[in-house]
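Structures given as structure tokens follow.
Below, chain A partners chain B and then partners chain C, in two separate complexes.
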Partner chain A sequence: MSFLIAQSLINGVILGTLYLLMAIGFTLAFGVMRIVNFAHGEFYMIGAFCALIGVTWLGLPYPVTLALTIVFAILMGAVVERLVFRPFRNDELSGMIASLGLAMILQHGALILFGPDPQAFPAMVSGVFKWGALIVPKSRALALGIGLVILLIFYLFLMHTRHGRALRALVQDQEVAAVFGVRLEIMYPLGLGLGIALAAVAGGLMAPLFGVSPFIGATPLLKAFIVVILGGLGSIPGAALAAILLGLIESFTSSFISASAADIVTFALVIGVLLVRPAGLLGRAEA
Partner chain B sequence: MKRTTILAAASALAMVATGAMAQETLKIGALVTMSGAGASWGNGMKRAAELAAEDVNAAGGLEVGGTSYQVEIIAYDDSYKANEAVTAANRLVFEDKVKYIIGTVGSAPILAIQPITEENGVITMTLGFTAQALGADKQYTFRPNPTTAEVAQPQIDWIVRTQDVKTVGALFPKDETGEAIAKDLASAYEQAGATLAATEFFERDRVDFIPLLTRIIAQGVDAIELDGNSPVTAGQIVQQARDLGFEGVIIRTGGPATQEIVNVAGEAATEGMFVHSAFDPGLASAKAYEERYVETYNEPMNGFSPFFYDGTKMLFQAMQDAGTVEDTEAVKTAYENISDYDGILGTMNWTGGERYGIAHQLDSPFYIARVTGGQEEIVARCTSAGCE
Partner chain C sequence: MSSAVTHGASGLRPMALVWALALVAVALIPWITGSTFHFHIAIMVCIAAMATGGLAVTAWVGQLSLAHAAFAGIGAYTSVLLVTRLDLPVLLGLPAGALVAGAVAFVIGAPLLRLRGVYFVLITFALNELFRLIMLEVPEYSGGSSGIAGIPKLSIFGLTLSSYEAVYPFALVCLALVMGLLVLIRKGQLGRRFGAVEENLALAEASGIPTARTQTLAFTIGSAIAGFAGAFLAHYVGFISPETFGFQLSVSYVIMLVTGGRLALWGPLVGALFLTPLPEFLRGAVEYQHIIYGVVLIAVLRFLPQGLAGLPAQLSRKGGRA
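After this line comes the complex of A and B, so read on.
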């Protein structure tokens, strides 16, 4: 029994970190641009395809592929901001609907380009780390390690650089930030680009674990949504807390009760939190 | 003299013209899964129908009762969902006016469309594994592929006997197909002297099996059974079970999917896996079909595809035997009466009278293969009586 508890704990933390990567990008895009980006899951899918193309078609090393994926995703984010979201900057509802349309275009574009069948992604590492009876698959440890490094870099960028501060200022108050000289024309594309890059790199990290197909974006989008609602829209510490919580809940209920119980418990928790704290665990209530 | 020549030429022309006019179109529906996890099955079925149609079209059309038909395949996607299958079935039956449907892939979809197809005398060929798909009250539904119920027992007997398996764990999708297979397998393992000790059910779109596998492996099972899962899901289960350090036997009792599983999980993870195979690469006709499939579609062939190729060819023969494409009752009877059909996978017959109450279930030879270096190697040859 203690084996199962410890193993579930490990599984849950790994899962939570992966959800966090998805959720932070999602909440950042919302915080900066006030847009609920339903296409976020499709950028996860695009990131996975980028990794597939880099590793299996071009034969690039995995870290190089991930770095290229991030650069490509930031650029793509900037383009998407300019073409799709800028016209809806002060219109949240239309922006949300535009993002739904964008999601469909991206998914079906991938379907036309790559076909519906899941593509094989070669394992980057194989084997397991073992401590007594406890097991961590090396493939997951790798995803976890790279994910943590990326989150750390992102944290340092956000806290200790000029652009990072500008982004945080935008999240707190758009008008005041603009008055203090934050250049919206740069920060909006950058904010969305970074958010999308986090989703894309999550896709690249998950590809060796879960495979690649045009339909893989839906589940991570749902998880990111749950995490962000739980943590509070726009709150990054809230997302971190909620992501780990969600990972642990899923892992423990799946291991001790059943897979469908995990979904029930998760959504019951979402409803419960929304009833008690409508702004989420660490969210700010809208004035 | 000249006049007679002209007359002869004119009448010859007229004959050619009537001949051309008698060339009609026979529409056949393909209601299969073309997106999502079941897409590799669905595409395999649709393409089987297309290749069978290509054969008869290339030969100048399908001759039935003095009329020559060009066969056209109309394909719709059901995404493995019952509600979408019903929409597509309505469209096929009432708008496209088809009388023959290749499909569906899933069990829930076939049960959902049967009220439409049976009522309107539309012949369907389903892959769906549920026992309820066939029955005395479902005169127009056929299953041209063996299911777990047909192949499980002899294979499981052989594996339990030769691999010294005592306890088995398995994951099944939580739907009609999964429940039916779980029940069949539990009794098959019990009869073979082993137990299906740990079972888990999950939603079909799940991709992370680590928590469920942790639970199964913690119970110390000797083997993991993959039957009932889509090829891609099965591949993910294999990969993640090996990731968790599972070293026991992995078995796939039913449903050919080896190629896709190897694609997803990789050669190392699948080494030594035991799989059901309906496909003997030593058989020239089977090999030729696989090559043609790969050449045409540039993708590995799904193992169910040859069954639906044979099934469609048998249907064409039934139309010719009945001398009609309109009267599906006559075609259905002719289809039932085909015996010892010489298909690309060997000799085919209809069976299932005892099990389902109607002999609409295909009976064909099958094999147990061991996966070595990503390829199937036949280790035992089976009939419904047993494996050697």
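After this line comes the complex of A and C, so read on.
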């Protein structure tokens, strides 16, 4: 029993880290630009395809591929901000509806380019780590390790650089930030680009584990969505707490009850939190 | 915005007549061409317009629901289960579907509608997902992931509407009833109350309008219409599964509503009329259909915030200014 608990704990933390990668970008886009981005999952999908193209078509090393994926995603974020989201800066609802359209365009664009069939991704590492009865596949450990490093870099960027401070200022109060010289024309595309890059890199990290197809974006979007609601829209610490919480809840419910029960439990939790505390566990209340 | 639309309609009586004639002409197309395929498209337009009309009622009080497909699903399953298990006539199954969907909306409406803007969209998104997951968990009623096939066809007083040509007039009548209900609501006192709540909730509340009750009423009516449309769809297509009523269907209703005009009375009809046949003109390029939907949606949001239904007014205003 204690072994099962420990195994669930490890699996939960791995899941939670991946959910966090997805959720931070989603919550950042809302915090900075007030956009609920339903296309966020499609950038996960695009990241996975970028990794596939880099590793299998171009024969690049995996780390180089991931770095290129990040650069590509940031650029893409800037383009998308300019073409799709900029006209709706002061209109949350229209921005959100536009993101539904963007998601359709991206998903079916990928469908036309790559076809509907799932594509295998070569394994980056094989074998497992074993401690007694506990088992962690090396492929998962690799994804977890790189994910943690990227989260750490992002944290340092956010806390200790000028642009990072500007982003945090925007999340707190747009007008005051603008008065203090935060340039929205730069920070909006950057904020969206970074968020999208985190989603894309999550896609690149998960590709060796789950394979690649145009439809893989839906589940990560749902997870990001759950995490962000639980943590509070726009709150990054809230997202961190909720991501780990969701990872643990899923891993424990699916070990001890069933996987479909895990989904129902989390959605019921989401609806409960929205009803009782719409600002989320750590979010600020809004007028 | 709502006042601008009504003004336009009453000030342009001859124009209204022209539009009505155009609508009748469009409705006659399947009979003119005689093509079964056109009958099918026309029926699908009617069903989509009814469902989107329901979504519009909720939108009139300023709330956008992403759970609309779930309410269509509740209506569909209610009717199908009543007809197949209790041998009820289909003609009773359809209103029963509406009734149950409306009742569910009424019960959960009050707490949900306290949330506004994107938060309401998010919670309805979660509800739609929860509906799908729960239905998958009860395969003895929902058919599970393989769904329910061989659903009894639509029938009126024992007369089965087995051909497309027979279903179409019935679909037109149902659509006319739904649109009639929408006109009644919109032109009546209730419509003004909806408009007041949509434009300025605090002001409406201060003016003595029971805003919470008004919103719940709109949500209940809108969801009941969704239930009716869902039941109609189930008996027409003959197959339903929990996946039929997923996120994607909710999104397509939102796209039709926004494209037609979020607050316009005829928006749902215009949106359904424009977007339902669109993929059929692009046969052989089915993959491009959704891309076109996405592009149309973003373009309409950007350039026609009042939707296609607001296009004539927008054009004449531009012309007047020039």
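Please note the rule applied: the second predicted complex is superposed on the first by the 286 of 287 C-alpha atoms of A that agree within 3 Å, B and C clash if a C-alpha of one lies under 4 Å from a C-alpha of the other, contacts with A are read in each partner's own complex, and residues count from 1 in each chain.
Everything below uses one rule, namely that a residue touches a chain if its C-beta (ideal position, glycine included) is under 8 Å from a C-beta of that chain, and two chains touch if they have at least 3 such contacts.
It should be emphasised that the depicted structure is a prediction, and the values quoted were computed from it without experimental measurement.
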Partner chain in contact with A:P87 - chain B first, chain C second, else both or neither: second
Chain B versus chain C as contact partner of A:V36, first or second or both or neither: second
Partner chain in contact with A:L274 - chain B first, chain C second, else both or neither: second
First, second, both or neither for A:D263, with chain B first and chain C second: both
Touched partner set for A:L148, first chain B, second chain C, both or neither: neither
Touching partner for A:H108 - first (chain B), second (chain C), both, neither: second
Overlap of the chain B and chain C footprints on chain A, listed as residue numbers: 111, 260, 263
Sites on chain A touched by chain B in the complex: 3-4, 7-8, 11, 15, 111, 115-120, 122-123, 126, 128, 130, 135, 137, 139-140, 209-211, 213, 215-216, 218-219, 250-251, 254-256, 258-260, 262-263
Of chain C, residues touching chain A in the complex: 64, 111-112, 114-115, 117-119, 121-123, 125-127, 129-130, 133-134, 136-137, 251, 254-255, 258, 287-291, 293-298, 301-302, 305
In the complex with chain C, residue positions of chain A that touch it: 36, 84, 87-88, 92-94, 96-98, 100-105, 107-109, 111-112, 222, 225-226, 229, 233, 260, 263-264, 267-268, 270-271, 274-275, 278
Complex interface listing, chain B residues touching chain A: 34-37, 39-40, 43, 174, 200-203, 205-208, 210-212, 214-215, 218, 232, 235-236, 239-240, 242-245, 260, 263-264, 266, 268-269, 299
